[in-house]
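Chain IDs A, B and C follow the sequence of writing; residue 1 opens each chain.
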């Protein structure tokens, strides 16, 4: 039994299928890169996987139970979701921002329990934010904010983490750093599904790949077997060279087939 | 003691002092001992009539309405993540005033005493619904929608007073648009308090959701927040508070705008933690404005409460407008 | 000669002085502000205007009578229509009533009727003075709006003629507004609290203030509703006579 699955999922918008007949299973400990051209339906599929969007046809399942059957809070305790370019609208101190990840576990009134505080401390420490604990989130740099958001997502010890382009807007060092953290997380048993634009990074860090082409799943499988030049040509309509494996992997685009 | 607890305590203490000052402030001078003895005095005693029947209900209304508006401001700013959100700026107060004016000037209150707060509530719901509906495109569109709804309600207010059998309507429209607590009685407290208490109770439950909304709507939803339910709760809570407040005191501006900003830096900007201190500050602000309207007189004529809240709020609003481009996204 | 009145108070003078067929129009407020029921009935039989310049062309008057605050546009239109325009001030005293009545009567060619009205007024006033009570009842007019008629008011003039004393008109006591607190703390306390404004009877803020429970305590049995004295006309003497009767029966309670 898979931890997370989509089965025949179709999402329509304005009569057009954004995601069409998508079926896939995801296992614990996998780090899945969702790739595809702009508008291929990556964000929409991730929203369905996160249980935030109910598909027009088909369903998403967590532990073989339809997503729609889950209570919002119960679902929030099991999976974390990071949208593209997450922002903090108020200058909250970092530790408060991270604490927001525990919202679904908190009672309506009252403060964090000692156990929750310990989890916040650990998440802050794990994301190297110790020196920024009390800093207002709105004054963090891009990389720091990305780490703070990641800490916010991890503080609830989710079984599933779904991240929509977690490296958007990050410089190479912070992008590498984020991928490193997500891989470590996956290796600890969490299912991580992330939309990734940088294919070289995806090839180096992710265990699986899911390729979308015009809303349909074009390929889904372990990285080494699935990521091929042919797939790249199919997905992005450009010539691509896939070289090496693991930490030495590289994906280079050369030119479009039309010239 | 944390800064949040300290600011709450300071606001509460300040409110107590202001409350004492408010009982002493009035157009008739009473000594402190007269005021103290008023509570035990005979029912027809002058000091008792003034303190217990006039000043006390006025003070209670000022505190209740100020607290309700401060709370509404904090919740609206949290929900809309917009530092300019305020029941008056969003047109909710005008809508409520329109409902209340219809109830009062067409004699509905004579048949059913709760007609004013109930119609105030309906007016507030309508106005808030319109503003929320048309103001979804960010800070600017929200403020514009609020201005449009305000002027619509203002026009409705003029029309209602125009058609009302009462000839002084044109003069009294000022009172409704500016807000006033003059000559209120315990009847008004009994009329408005249940609505405001119910509204405040609803609003106070939204703290956690407002916190989560600091991360934006998608993240809040992913954290288990039901946004539609939250919006509905805020709409109902704010309308209960503002509808009842406007039914007895007209549209009081700026209290809801200013209070949350005053407390936010002291509570680490966390929306849930601004709610209670903002309510306390709102109560203190309105009580202070009410004292001001008692003490400062021009040629023996009382200066309206709304003048004071505007004098207090307008410069603050300008400051926000100047500062906003730097803080807003 | 047909006369058009563009002010609620000149309406009353025109209705008192002129026969129906010589009135071109009165304002739409004429019936509501009528000083006697007879005048209200008479006003119902007359064309109504809304103080608009255009109506002047439709009504084709030979004389336009307006108040001090008639719009400049209406004045210009009167000139353009070729009708003479008579500006009449509001009358707050019996002397002013005599002056404005004579002014309107002369312009409308009803001097005799005007003098007859004034003679009746003066006779009534003389009778009131002759039968003035030994102890004058003190009163204050408070209609919930906070505005209190003081010395320079028609209310004051009529109350004095009726044999009452307006506490708000006593030297040193003059105040144009009183809130509830000041009303409760007035020394000496007025014997009667009069509600003179029709607004105080209509739903609104004023009515809420008039019904304030604290007044029930402090002025229980001492409140009296009187007509509003908005326009000074020769009828003011009869109004004073009616008020005298009201005061007497209230004092007898």
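Following the convention adopted for this analysis, a residue touches a chain if its C-beta (ideal position, glycine included) is under 8 Å from a C-beta of that chain, and two chains touch if they have at least 3 such contacts.
None of the values given here were measured: they were computed from a predicted structure.
**Student:** With centres defined by CA atoms only, which chain is the most remote from chain B?
**Tutor:** A
**Student:** Going by C-alpha centres, which chain would you call the most central?
**Tutor:** Central by C-alpha mean position: chain B.
**Student:** So what's the Cα centroid distance for chain A and chain B, whole Å?
**Tutor:** Once rounded, the distance between the two centres reads 44 Å.
**Student:** With chain centres taken as the means of their Cα atoms, state the distance from chain A to chain C in Å.
**Tutor:** Those two chain centres are 81 Å apart.
**Student:** Cα centroid separation between chain B and chain C, in whole Å?
**Tutor:** Between these chains, centre-to-centre, one finds 40 Å.
**Student:** For chain B, write out the residues touching at least two other chains, lowest number first.
**Tutor:** Residues of chain B touching two or more partner chains: there are none.
**Student:** Applying the document's contact rule, which stretches of chain B touch chain C when the two form their complex?
**Tutor:** Residues in contact with chain C: 26-28, 43-44, 46, 49-50, 53-55, 104-107, 109-110, 164-169, 171-172, 175, 182-183, 185-187, 299-302.
**Student:** Residues of chain B touching chain A in their complex?
**Tutor:** The contact residues of chain B facing chain A are 81, 205, 207-208, 211-216, 218-219, 221-226, 264, 268-271, 329.
**Student:** Could you pull out which chain A residues touch chain B in their complex?
**Tutor:** Touching chain B from chain A are residues 50, 52, 71-77, 79-83, 86-93, 96-97, 100-101, 103-104, 106, 108-109, 136, 152.
**Student:** Using the touch definition up top, name the residues of chain C that touch chain B in the complex.
**Tutor:** 144-146, 175-177, 179-182, 184-185, 197-199, 202-206, 208-209, 212-214, 217-218
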